[in-house]
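In the two complexes below, chain A is the common chain; its partner is chain B in one and chain C in the other.
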Partner chain A sequence: MTSTLAAGPARAAAAPDVVATRRRSARSRERLAQWAFLVPAIVYVVVFFGYPIVKNLVMGSQDYSVRTFVSGEAPWVGWANYAEVVSSGIFRTTLVNTALFTLGSIVGQFVIGLLFALFFKRRFPLSNLLRSLLLLPWLLPMIAGTAVWRWILDQDGGVLNETLRSLHLISEPIHWLTSPDVALVAVILVNVWVGIPFNMTLLYSGLQSIPDELYEAGALDGATGWKAFWHITWPNLRAVVSVVLVLGVIYTLKVLDIILGLTGGGPANATQTLATDSYHRSFQEFSFGTGAAVSNILIVVSLVFALVYLRVNRRAVDE
Partner chain B sequence: MRRNHRAGAVAASAAVVALASTACGGAGAASDPGTLTVTDTMSDTSAPIYDEIYAECAADLGVKVRSHHVAGSGLIATVLQQASSDTLPDVLMLDNPDVQQIASSGALSPLTDYGITGDGFPRGVLDAGTYDGELYGIAPVVNTVGLVYDADLLEEAGIEPPTTWGELRDAAARLTTEGRYGIAFSGANTFEGTWQFLPFMWSNGGQEDDLTSPQVTEALDFVNGLVQDGYASASTVNWSQNDVNDQFLAGKAAMMVNGPWNMPSLDAAEGLRYAAVPLPVPEEGDTLAAPLGGEAFTVPRTGDPEKMAQAGAFVGCVTAGENQLAMATGRGAVPSDTEVAAEASAENPVVAAFADTVLTARARTALLGPDWPHAATQIYTAVQLALTGSEPPADALERAARN
Partner chain C sequence: MLQTTDARKLGHTIVGILLLAFMLFPVYWMVNVSLQGGGTAANSSFFPTDITFEGYRRALEDQTGNLVTSIVVALGSVLVTLAIATPAAYALSRFRLRGMGVFLFALLLAQMIPGIVIANSLYSLFNSVGLLNTHVGLILADATHAVPFAILIMSAFMRSIPPALTEAARVDGAGHLRAFWSIVVPVSRNSLITAGLFSFLFAWSDFMFGLTLTTGADIKPITLGIYDYLQGNVQSWGPVMATAVISSLPAIVLLVVAQRYIAAGALGGAVK
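This part shows the complex of A and B:
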């Protein structure tokens, strides 16, 4: 933009031919440079985002099986895969589980993450060390994390049940991972643990950007403690909060490793979500068509939240 | 064009799993004349036994051999990726329930082309490798499940190894004490859970194409009773067969349903005197029908007839009698050939229990073929619904069968 403006006056002043040629070659070189910057990004987006998504959309309408890999034939079946998925008995369960899992995880991660962020805003000895320790769940390979959690949550002799029992909080062991009524709660608990660092880190940096003068001025007007939080912290944190929540939802919707590591979708499908169901259909039953159909449904749901994110983000920038 | 399309398809659909395997998938790709490539799923401990046999057979044929061991869980992804890029190995090992899936895709060649007919092998073993009437895979050694028990505990309690469901229940009840369950088995929400329920279902006359039949319901009722009455842990629904073996080794179960592949770890356990019998049947005189496990060797269609013929001869050599014995003793398995199995049984009474079971064992894919994985999912779902107390067995089966 700026270069065309700069070229403007030059056109009027200089001798016509030579300058025009030079300008033209300069401009085409500039055009070339522009493309050189754009092409890698375009290629990247098309190859790593565009192609897989389009391929997945197409696969959702194909009878795509083991046979396809050898013969290359994947007959077009239109909406049949979606009809099969939606009418299968498990679809309602996975939908409800996905909603509960996402909602429960987000609420837990956000509330605890916010409390930690507020806590660490007060500087105290070793606060930086403690804050970095809280990042650990983020650094741990998820499969290792879930293996340890399986051991903690084991009903006979697991650390959690033993602790609760020695505190006389429970008399009978809780079947954390083996009862269909409790397993989803257990899986949510673990996912909350995983998500706390993400929430805390973003919210903490949000808190850091609120100027101290606001609190000082508020304190003069009698806004301290809870009032200060409600009238100063929360309004100033809102933009960060919406970003954290929307990103959290998108990340949580697609969680696969935690569930596979803890329960594998069981017991009795109690922790089966759209993501695990898609994985199961594709890689256990080799029905890649219906697996793609399920993940397309998941993509649409994520897309809705992604649009919300973009809107929220734009509003935050406008403000 | 078509090639491109297919290769891309793999990238998109098998992305998660294939990423790991594509990196090492190259081993089968290079087609070097005079060298046979073999892909198998042997672990670090079994691989040397197999590699030695491969080397001997290759030497007999005057070729070289290069083996490539992959994890069982990643095999199918590797195979699909190789199939779409025409880089399948000359000899491919497949878990027997997958043989029909892969054969149905047209990637394998019939073994009869190379003179392998499976004479002397029990019917179950041949069924497992057969698709559409043609033999595509042959397993040199097989396995199944039986009842493994702590011989000292049973003797102390004066209990004879059970042979019927009634006796099994009674023994489990009497062997259950504080801190120890009478019996352990796997009811996991994976194909392992299905595999362990099959002997009860099949021996009672149930079939995988009719899961709501009274025979299947009765079988689930029996297994469920063991858990609901506290003779088996409620954690059964989360235990893999490895976990079951760990429970048994830790003394937390007096008996377990498990396979011969645990023999090396059971032998290594100090102070444990264990024994095995075939799984009990519903009533005295009933025939036991247990599932047949084991990995089959196949010859993929690589488009090079000369090498395929060499690969066929190689498979014939690897799966021959004396090699079966070496693999079986090394890994804890039963030789497929009935005569060789009898030889192994004479040496080890534990092997004998499994070898007897193999004679009447069934291939999981015998009835449904490539549709087996779907039925297998329904079966473990029903087992889970029942064992977790979510639904009574009959309702559990009905609900699972609707999926």
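This part shows the complex of A and C:
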């Protein structure tokens, strides 16, 4: 700067331009360097999340089958796949099952998770250790948990029926996984078991963030026990509750391992959901077009809940 | 007064232990049955009175190859995840670039996409580029379980690093890369460990991509080994449960030795 000033008025006019250009190019180089940190992640997200969604939407309107892999041709069929899916006899069943499976799982996980969280909030010897060991069902490979439940629920030699029988609660074995009437209940039971730790952990941290002073002040006004829960705990926990519930729905909608491992979607499609139906169509019948159509329906359902989540989450941050 | 509080606390501990025992009964049952051998008993007894490792012998006979595949794929997935996610987390926590909000939004949505959607499309993509039935293919696909989570959890941590720390390095003439590598990465070690542990567990537990992106017997993760047992009627539960126990070992070991990282990650699942 000093040298340009000394060089006389003629060049002084040009100098700021040079400096500005240089500064601008330095700034754009800086911006480029900053973007470089994001490039691998952006490329990955585009290829492994963006592309699959677009591809899936396109496949939903194509006759995409085994032949496609040989000939490379996937004729455009418009809404035909959706029409086929919706008019198939099993579509209603999968919709109802998905709704029941999701609702049952969420209610079970949430209520038990909340009770556990409330219990562990009272500090007592070993409470932290016991609480963290409770995470185990959630950390295990789901298919490993599913395998042991398959044996526990076995109608003939399973320990659940054995126990119920020795307690004289049942006289005939319950066909947990082979009767169309109870299979969905059994699958929900296992999914609840997997989901309890997740619900408990988030709700526990929500409980921790409620200041003790609120309870102390409430106690002076006579709010203890159930009253304290209803007037202090619940209103302060609401934001966390919404997040837990919506995340629970989104995770439950994608469940595949538990159902495939326990019942394979049977008996007689009694446990077939949108996710397992999509899998069956694509990877068992190699009808990728209709499989994509089903999973596109699943995307729409998940997306609705995802948007609810993002809204709720933003509100929780604002508060 | 003191005594009744103590008694009540002890009561809580006892109830807590009972709750835990109830919740972990299936895990106990897994271990119990795995030690009762490869017989075809009609039911399993409550305690493994005649402990035998026959179930494990047969499990290892069937599953050693799958076990190796799972280890390779899970470790590979950790490397890929950290290599992609760490710089991105740094950028998200430090820089103000236009379009970053969109990327963050995309990450949140990405976590919610059902795996079957990704599997559907990756199958045809991998088929055309020759990544079906390969370790690399599984590693790249399994990283989808972890990359968004890892970016979000690490950038949340990196936001707490005082800016002065990295700026000091840059004044000394270090570029972004140096500041990142010699300051941010060491300081963020704990969040890298958490992200790494979870990407290991996610890839290790993966079922979706093992099921859809491998078709033969050559390259198959241990989770699919378990699933193969469950297809059809199981004649002997010893080896199945032994395989389930083996596949559960990383989770059990990590929960015991890396408890604080696991606790941090469990909460981070809902991180904004």
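Worth a mention:
Following the convention adopted for this analysis, the second predicted complex is superposed on the first by the 294 of 319 C-alpha atoms of A that agree within 3 Å, B and C clash if a C-alpha of one lies under 4 Å from a C-alpha of the other, contacts with A are read in each partner's own complex, and residues count from 1 in each chain.
By definition in this document, a contact is a pair of C-beta atoms (placed from the backbone, for glycine too) under 8 Å apart; a residue touches a chain by one contact, two chains touch by 3 or more.
Bear in mind the structure is a predicted one, so any value in this text is a computation, not a measurement.
For the composite obtained by overlaying on chain A, chain B and chain C cannot both be accommodated without a clash. After superposition on the shared chain, chain A has more residues touched by C, the comparison being chain B against chain C.
In the superposition on chain A, A:I196 makes contact with chain C only, while chain B stays out of contact range.
Using the contact criterion defined above for the overlaid structures, shared-chain residue A:L298 touches chain C, although it does not reach chain B.
When the two structures are aligned on the shared chain, A:Q34 is found in touch with chain C, with no touch to chain B.
In the superposition on chain A, A:G145 makes contact with chain C only, not with chain B.
By the touch criterion defined above, A:D156 reaches both chain B and chain C. When the two structures are aligned on the shared chain, A:L253 is found in touch with chain C, with no touch to chain B. Of the two partner chains placed by superposition, only chain C is touched by A:L136; chain B is not. Contacts of A:F288 after superposition on the shared chain: both chain B and chain C are touched. Here chain C runs into chain B after the superposition, and of 25-33, 115-123 or 169-177 the stretch doing so is 115-123. Chain A residues in contact with chain B (one complex) as well as with chain C (other complex) are 51-52, 55-56, 59, 64, 68-69, 150, 156, 279, 282-283, 288, 291-292. Every residue of chain B that touches chain A in the complex is listed here, in rising order: 2-3, 5-6, 8-17, 76-77, 80-81, 83-84, 101-102, 104-107, 188-191, 233-235, 237-238, 252, 370, 373-374, 377, 381, 384-385, 387-391, 396, 399, 402-403.
Across the complex, chain C meets chain A through its residues 9-10, 12-13, 15-17, 19-20, 23-24, 26-27, 29-30, 33, 41-44, 46, 83-85, 87-88, 90-92, 95, 97, 100, 103, 105-110, 112-125, 127, 140-141, 143-144, 147-148, 151, 175-176, 180, 201, 204-205, 207-208, 211-212, 222-223, 226-227, 229-230, 234, 237, 240-241, 243-245, 247-248, 251-252, 254-255, 259, 262-263, 266-267, 269-270, 272.
Of all the residues in chain A, the ones that touch chain C in their complex are 31, 33-38, 40-42, 44-45, 48-53, 55-56, 59, 64, 68-69, 116, 119-120, 122, 124-127, 130, 132-152, 156-159, 162, 193, 196-198, 201-202, 205, 243-244, 247, 250, 253-254, 256-257, 260-261, 275, 278-279, 282-283, 288, 291-292, 295-296, 298-299, 302-303, 305-306, 309-310, 313, 317.
The part of chain A that touches chain B in the complex is made up of residues 51-52, 55-56, 59, 64-72, 74, 88-90, 150, 154-156, 175, 177-180, 263-270, 279-280, 282-288, 291-292.
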